[in-house]
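Pasting the structures here.
Below, chain A partners chain B and then partners chain C, in two separate complexes.
So, the complex of A and B:
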């Protein structure tokens, strides 16, 4: 399954939480990413084409997957690919995996 | 003594080719260094904009000026991304990795945390961090750029570039 952030969600990703307004990382995670990942198919997230990629959005959308407690870094590596064709976005794919690696489950002490 | 015209012509052609190659290399080098300079300027300007952003309390319902600051920071982030992409291939791999690591931290200072959030607050730690990361990034970029202009690195760069070009051409043919 493919999710193109610009086409399927918003070309203007912005903010961290839903209370911040439309296009937040939390909204993307809860409404698009989590249902897709729990559907059992391999998910490819394409980040080309967005008009700006705030770090707050990326961290909440992807790092937040770990905080839900439903996935581990290794499991996400198996079931999800983050992809970018445009060279200026390629670095973001690495950043996203770094956020996932750095995030801790919400109930972890 | 008779004039050997063939040697004369060969010498002239050799001279023109050599000086042409050197001038072409100088032109490409200056072009690249110009982009590196521009990249450093963008880093510094973006850090200053981010510092103002993180030290400003948003007005009620986030006023126009505040939204303008957020849009400006995203624009500067894009400029940074495009310029970085246009110069990075000439740096050594280890320098690239170091610059990418610092860039991630720098960009977190630009628009991480509560950026564009309703709960955005004054964040003096982030304001200080973004200036620190920017200064570190600029120094590392300059050192990496100096290092990439040694004779050996220049030759190595053009070998890599030619190999990539040949590979792309071969892939098109096959």
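So, the complex of A and C:
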């Protein structure tokens, strides 16, 4: 399954939480990413075409997957790919995996 | 022959009786008093022109003319500029101050005003702060409309910058067909945009509204980085600046943004401003605050109390340092690092952050510097200067 953030969600990814405004990381995670990942298919997230990529959005959308407690870093490596064709977006794919790696489940101390 | 009314005949009889009683000396005293009154009025009151609610009027000033520094620029005249902004903010929020700006319909007198004709130079970021203060005051006070006094004597550069940023629209001064407005080919500034939430549509289109990045020789990566950095600065305002009610933010929980392009200096500028709690005040609520404390301990100091503004510059620098090194922990520090990352991706660029009484500056390929100042700017201001 492919999710193109610019086409399927918003070309203007913005805040962290839904209360921050439209196009937030929380909204993307809860409405698009989680249902797709829980469907059992391999998910490819394409980040080409977005007008900007704030870290708050990336951390909440992707790091937030770990905080739900439903996925681990290794499991996400198996079932999800983050891809970018254009060179200016490539560094963001690495940042997204860094955020996933650094995140901890919400109940972990 | 016309017959006078009974009332007028009564008044004439009374006046003639009074004149008959009056001595020559008392008539002289009366004449002197009238003359003195006239002389006093003409000596003190000067006629000024005032634009208010789209109309040009002649008014007299009965109150004090408030001093404005000749150079309003935080880079070269910080203390005077910050002090003026502080006085302006207090003046606009004070009830008396607002009444002073409203001339009476009968007398056409203005109590006092800010003498903008004295300004010789104003920077984009200061123009944004001034315009945001007036926008805020207008929304706070009903039916209030400020007056623009003696516009024709203002410096042309200052006038054009304030006109293009939308200052006169906020003051209800209609100058669309005025001869005063001159379009500059060397300088372009966008009208200020304000908001409460992180509106990607507005922020990401700001750069392209100002210019075509490719025409200036910028690649897509620069556009992407500047957009992301601006969005992160706005997010800091949305998420942290107005978290709880405080004295600074009770008037309006908003952020303001603008962009400017100066062909003569080959400089592209973006500015984000909010009047929230500021970085030094919110530092102790960060999840990365222990790391900030470690930075201060490394400097041989204790982390400052949020109420202490004497080390605000150091506090901003510590927050930036933690943001850049926080590879293991996510969340808030990373946002500041992204705001600064523009200096890595653009060949010649500079970022300046002013927050409460501190300032932080980072130029491409140079070490970051910070300064602890005496006067607060009343919020957080982030400025990106990119050379093309």
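Following the convention adopted for this analysis, the second predicted complex is superposed on the first by the 109 of 109 C-alpha atoms of A that agree within 3 Å, B and C clash if a C-alpha of one lies under 4 Å from a C-alpha of the other, contacts with A are read in each partner's own complex, and residues count from 1 in each chain.
The rule is short, and it goes like this: contacts are C-beta pairs under 8 Å (C-beta built on N, C-alpha and C of every residue); 3 or more make two chains touch, one makes a residue touch a chain.
Not measured: the values here are computed from a predicted model.
Novice: Since both structures carry chain A, what do chain B and chain C do when superposed there: clash or fit?
Specialist: clash
Novice: Based on the superposed arrangement, let me know which partner A:94 touches: chain B (first), chain C (second), both, or neither?
Specialist: First partner only.
Novice: If we overlay the two complexes on their shared chain A, which of chain B and chain C does A:73 touch? Say first, second, both or neither.
Specialist: neither
Novice: Of chain B and chain C, which one contacts the greater number of residues in chain A?
Specialist: When the residues of chain A touched by each partner are counted, C comes out ahead.
Novice: A:102 in the overlay: touching chain B, chain C, both, or neither? Say first, second, both or neither.
Specialist: A:102 contacts chain C only, not chain B.
Novice: Figure out whether A:22 sits in contact with chain B (first) or chain C (second), or with both, or with neither.
Specialist: The second partner, chain C, only.
Novice: Could you say whether A:14 touches chain B, chain C, both of them, or neither, answering first, second, both or neither?
Specialist: both
Novice: Kindly classify A:55 by the partners it touches after superposition: chain B alone (first), chain C alone (second), both, or neither?
Specialist: Both: A:55 reaches chain B and chain C.
Novice: Find the residues of chain A that appear in the contact set with chain B and again in the contact set with chain C.
Specialist: Of chain A, residues 14-17, 20-21, 51-56, 59, 87-89, 98 contact chain B in one complex and chain C in the other.
Novice: Looking at the complex, which residues from chain A come into contact with chain B?
Specialist: Against chain B, the touching part of chain A is residues 14-17, 19-21, 51-56, 59, 87-89, 91, 94-95, 98.
Novice: Provide the residue numbers of chain C that touch chain A in the complex, in ascending order.
Specialist: The contact residues of chain C facing chain A are 197-201, 203-205, 219-221, 224, 227-228, 230-232, 235, 238-239, 327-331, 334-335, 337-338.
Novice: Which of the residues in chain A end up touching chain C in this complex?
Specialist: 10-17, 20-24, 51-56, 59, 63, 86-89, 98-99, 102-103
Novice: Touching chain A in the complex: which residues of chain B?
Specialist: 70, 74-75, 77-78, 81-82, 84-85, 100, 103-104, 107-108, 110-119
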